[in-house]
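Heads up, the next two complexes both have subunit A, just with different partners, subunit B and then subunit C.
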Partner chain A sequence: MTKLLETVDLVTNFYTYEGVVKALNKVSLVVDHGATFGLVGESGCGKSVTARSIMRIVPEPGRIEDGKVIVYLDEKNQHAGIDLLAQSEAYMESLRGDRISMIFQEPNAALNPTMSIGDQVAESFLFHQKKKLCATALNDLESVTCRTFYPLKRFQQAVYRIAVQRPDALTLNILGRIPILKHWQNRLKNEAKRRAVAIIAKLGLSNPERIVDQYPHNLSGGMKQRIVIAIALACSPVLLIADEATSNLDVTIQAQILELLRGLKQEGISSILLITHDLGVVAETCDRVGVMYAGNLCEVADVKDLFQKPLHPYTRALLDAVPKFSMEDDLKSIDGHVPNLVMPPSGCRFHPRCSHAMAVCREAYPEMTEFGQNHLAACYWAASKYR
Partner chain B sequence: MLAYITRRSLLLIFVLFGVSVLIFGILMTFSPERRAATYVTSPQQAKDIPRIVQQFGLDDPFYIQYVKWMKEVFKGNLGWSLVASRPVAEAFWNYFPVTLEMNLFAAPIVIIFGIWLGTLSGIHRDTWIDHSTRILAIVGWSLPTFLFALVLLMIFYGYFQIFSPGVLSDHLTMFILDHPDSFRPYTGLYTVDGILNGRLDITLNALSHLVLPVLTYVIVVVALNMRVMRSGMIEELSKEYVITAIAKGADKKTIHIKHARRNALLPVITVAGQSVAYSMEGSVAVEVVYNRHGIGWWLAESAVQLDIPVLMCICLFMAVIFVITNLTLDILYAYIDPRIRLN
Partner chain C sequence: MANELKMEKILELKNLKKHYLIQGGVLRREIGAVRALDGIDLDIYRGECLGVVGESGCGKTTAGKAIVRLFKPTDGHIFYYPADTESKPTADLARVRKSRIKKLGLRSRLQMVFQDPTTSLDPRMLVKNIVAEPIKTLQRMSSRDLEARVLSLLERVGLTRDHLLRYPHEFSGGQRQRIAVARAIATDPEFIVLDEPTSALDVSVQSQILNLLKSLQRTLQLTYMFVTHHLLVVKYISNRVAVMYLGKIVELADTGVIFSRPSHPYTHALLSAIPIPGVAHQQQRIVLSGDVPSPADPPAGCRFHTRCPFAVDRCLKQEPLLETMETGHRVACHRKHEMEKLVAETFGTKRIGRS
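Here is the complex of A and B:
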């Protein structure tokens, strides 16, 4: 397995009026090329913040304080890692939506209500594949030979030739602003729209030509989530981050979306980072799982190992809390609450709720230790028992 | 769309009927003698008051007087204006261009400037740009218009001797009165007529007289537009679809202009439209302070002298303006927000 994404001791804080919320406390995880990594945990434990820190879209007043987010975009060259936290914002803009993209929890809110579906999907192409689009447009222009002198076509050919060679030339910038001349971009936009139709069709939505001219309020929740996925997949990214992508959908649509993601993964996108609180979804789709609690990653294992041999008491409690089809037992829950991260508990953040807590748990935070093949956990109790 | 506009225009008739009944009813609370007395100019005529009341039927029941008035209105006779000493309908077209001229300049500035400042302030939230625009807005919004107008007049006209009050300088007014053949009032707007008659000096002079009223009006009204735009912008920028756009790889400018601003504009349209409609009554204080004889000045004078036909006329005019503005706003809404369909 080769690494695609590695976070090293990621620390993200939120500076609120109540104090500093220590949302991420040294999160280190590795997502491999071709893997589906599941990140699970209760609400408010830092799953989404991890995802947003990777994309560098942590909302105000959050700040990524420390750590590294390293991506190895080239599968073969494992030395050419890029630390995203050290890159410029412009570089991130070129990466987001192109190499790494993200889908969101709430499809109803994730689309701009006053912009047509086609425009929203086409934007991805316009941001990242301008050069390709221009080349296609130029091809179209040149393939049709016209005998008569046709100045508009000549002009467009000239403009597109510049666009193919130097997409950010000053001439284009100026031409894009002059009222009538700026319509040279229409060909570009039409091309992007054609691709949008293609990607929407690929996601299993019927009648894509009609959908591109519609607005979000015309579509159902499941359709909207497919559009959100279409936007994310437009430029065939290496890593797709799905932030609770199925949590707000009803069960049948949830199954459809998961099936879709699985199918897409076989077709091309390399890896998925799936964030969810649903362990059933994890068991269905993931290869590897990370369990988060209160800003800490407490256990990382292959999905089989985690379900069969959970080490961390929190993982065990989480697994026990999954509703089962039985009439006898009461539904178990974990006593206590997720701690307030302004004043997190000392030592291991889970110790106030842990039935195996020892004296050392209150004082020091346990290091991630390896327990078996690729099975990591951060727990003193597990270390004393299983090693 | 056309059906919608027709339906709304028919509604205008009912609105006008309601407004006229209401205003007529309010003015009826003055006793017949009091109303007759407004036409009496000397003490000797005071003995004629009962005769006037008798002759014009001022003590008739409300509905008879209303129907009588209505009949005259349908004939195109809105009554006699004491203030203008000519028929109301004729005087209206004399005063209206002055107000219209100010609004033609003020409204676009208010709308564009308000949207621009609000966007800027919302994007650069809690920076010095935001603070300074908000201070401007608070000052403009909380100072009374007449005070603000007086202060500006004192500074610019009183101290610097520029931007005098009125509509046109005296020598040009005299020239226009003396040479009715060489200067034709095609539109009644001096700035436009100046160009049409090839007298650019008149246009420039009229413009210089417009500076202070427009400035006063803009500073007072822009605050509201700006604040609504600012809060709209902040709200939209915190929404989920903005994060989708960022995750798509959109740059800041695209996010602000293409995504957030269009959505933030919706509430601003209401406010901007209403403030323009409101200003059509001439922003009484501005016209009185700057001595511009427009609708607002006429309204103020008529209210003081109890010029009842004029008050009725201006109230109906306001009703028409508000209905038309609301109709325009609805159409604009449907244009900007695809969720709204006019059916």
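Here is the complex of A and C:
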């Protein structure tokens, strides 16, 4: 397997009035090409912050303090890793939604209520693939079937020729603002909309021509989530980050969306970083899983290993707390709650809730150690027992 | 145990309907209705926990709110049989005037816990006052007694004296839900509608709340109606399960029966849609296409036929009634007797959702 994304000792802090919230404490994870990596944990444990740090969209008082986010976009050239944290904002903008894209948690909040669905999906084509769109439009114009008023056609051809060469030329910017002349862009927008229809149809929504003219409030939750996925998939990303993509949906709709994601992966579209709190979703869709607790990654393993022999006490507790099909006795629960990260517990952050806590757990943070093949855990108790 | 529970009804819903009118035109005339509840018949027995499951928009919450009389049903009856029949007569909750409800002492007997504790607790009230409010409206009590009572309620749900003088925002989601439960049991109710009490919570906290609810049911002899969309939670906590689809009950049976021998295709689909937290299962899944149709314009015939993989001509024309298959197992489907075979033929016998 070749690496696609690697985070090295990622540290993100939030500077609030109450103090510094240490949301991520040296998170290191690796996502391979073609793999689905699941990130699980309770709310407030830093799953979403990890995703946002990777995309560099950590919201205000937050700051990425330290570490590296390295992407190897080219599968063959593994030396050419790019550290995203060292790149310019302009570079990130060209990357987000194009090579790396993200599905956000709440489709209601992720979609703009004042824009039609078609415009929202087309937006990413217009932003990232302007050159391609212009080339298609130019082809259309030059084909014999195109019957436009001749001087107008000449004008548009001239404009599109400039656009194909330099999509962000000043001339185009000016032409895009002059009242009558700006209509040259319509052809471009229509082309983007055509692609939007195609991608919406691909996601299994019926009647896409009608949907593109509708607004988010016209659609149901599952359909909205599909639109959000359509926007994320518009430019065929290499890495798709799904932040709780199915948590607010009904089980039947969730099954549809998971089936969809699985299908997309079989088409070889991308690796997926799936963030969820539902262990069932993880078991069904992921190849590899990372368990997070209070800003730390405490266990990383292949999905089979994690469910069959969990090592970290937190992973075990989490698995025990889930209601199952075959279950007779009482559900076990984890006492207490996730600590406040302004003053995280010393040493291992899980020790106040851990039934196996030892003296050393209070003092030092356990390092990630390897147990067996590709099975990593950060726990002194597991180390003393299983190594 | 099952027979013992069936002895005594606490609530009986008969042909309960709730239609929300759609008004339109210049004169704001009625041009249609959203049929949130379209005729449900349901008996709830004393001491049981009835799980109500279904997708969003199928009328689960509406049914719960109708029982607690947060609104007046359009049609039908809700008969309530109190424990002490001598002092309190049987009442039809659907017909009683709102002003009479408190006078008859019904409010204190029927309580509700809402879905999201962040919105169901007043952010400007202290926990002490939140829990005391339902007691104060129903009886006079000295403030010292009141505080002692509030404290005992809080202790019952696992909170302490330290939490009395705090505001809801100072608590985590699980603790807030505990406060909401304390408020619901403050008036000594015998029936509580739990409207998705754990869907806003994490798994580890969810199991805490579920265990709390279970132990409260035992100690206070409560009857629950547990509304949720999470089937495994229902399996854990309920004795009987009602599956709802588009304002109707499509299947009603003991929990064991629902999970081992489901007879409605919708129940089959719901069961197989649950993601299983384990890696041994690699079976086929029934994935329903499309969404729940609009309740303002439900499909003719069987309401499920638009998404049902086994629909035949009869399903398009004639609406199936909720008929008894065997004791306590009621299904609304024309092909209920052959469903087991049909599902096995189409999706194989080793499906997800079979325990």
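Definition applied: the second predicted complex is superposed on the first by the 380 of 387 C-alpha atoms of A that agree within 3 Å, B and C clash if a C-alpha of one lies under 4 Å from a C-alpha of the other, contacts with A are read in each partner's own complex, and residues count from 1 in each chain.
What we mean here is this: a contact is a pair of C-beta atoms (placed from the backbone, for glycine too) under 8 Å apart; a residue touches a chain by one contact, two chains touch by 3 or more.
The shown structure was predicted, so the numbers you read here are calculated from the model rather than taken from an experiment.
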{"item": "Three-chain arrangement built on subunit A, subunit B and subunit C clash or fit", "value": "fit"}
{"item": "Partner chain(s) touched by A:283 [first = subunit B, second = subunit C, both, neither]", "value": "second"}
{"item": "Touched partner set for A:197, first subunit B, second subunit C, both or neither", "value": "neither"}
{"item": "Subunit B versus subunit C as contact partner of A:223, first or second or both or neither", "value": "second"}
{"item": "Superposed model, angle subtended at subunit A by subunit C and subunit B (C-alpha, nearest 10 degrees)", "value": "80"}
{"item": "Which superposed partner A:358 touches (first subunit B, second subunit C, both, neither)", "value": "neither"}
{"item": "More subunit A residues in contact - subunit B or subunit C", "value": "C"}
{"item": "Closest approach of subunit C to subunit B (Cα atoms, Å)", "value": "7"}
{"item": "Contact footprint of subunit A on subunit B as seen in their complex", "value": "238-241, 243-251, 254, 258-259, 262-263, 336-339"}
{"item": "Subunit B-facing residues of subunit A, complex", "value": "55, 57, 59, 90, 93-98, 101-102, 104, 106, 109-116, 123-124, 127-128, 215, 217, 228, 231-232"}
{"item": "Of subunit A, residues touching subunit C in the complex", "value": "42-43, 206, 220-223, 250-256, 258-259, 277-284, 303-304, 307-308, 317-319, 321-327, 330-335, 337-338"}
{"item": "List of subunit C residues in touch with subunit A within their complex", "value": "55-56, 172-175, 202-208, 210-211, 214, 229-233, 235-236, 259, 269-270, 272-279, 281, 285, 287-292, 353, 355"}
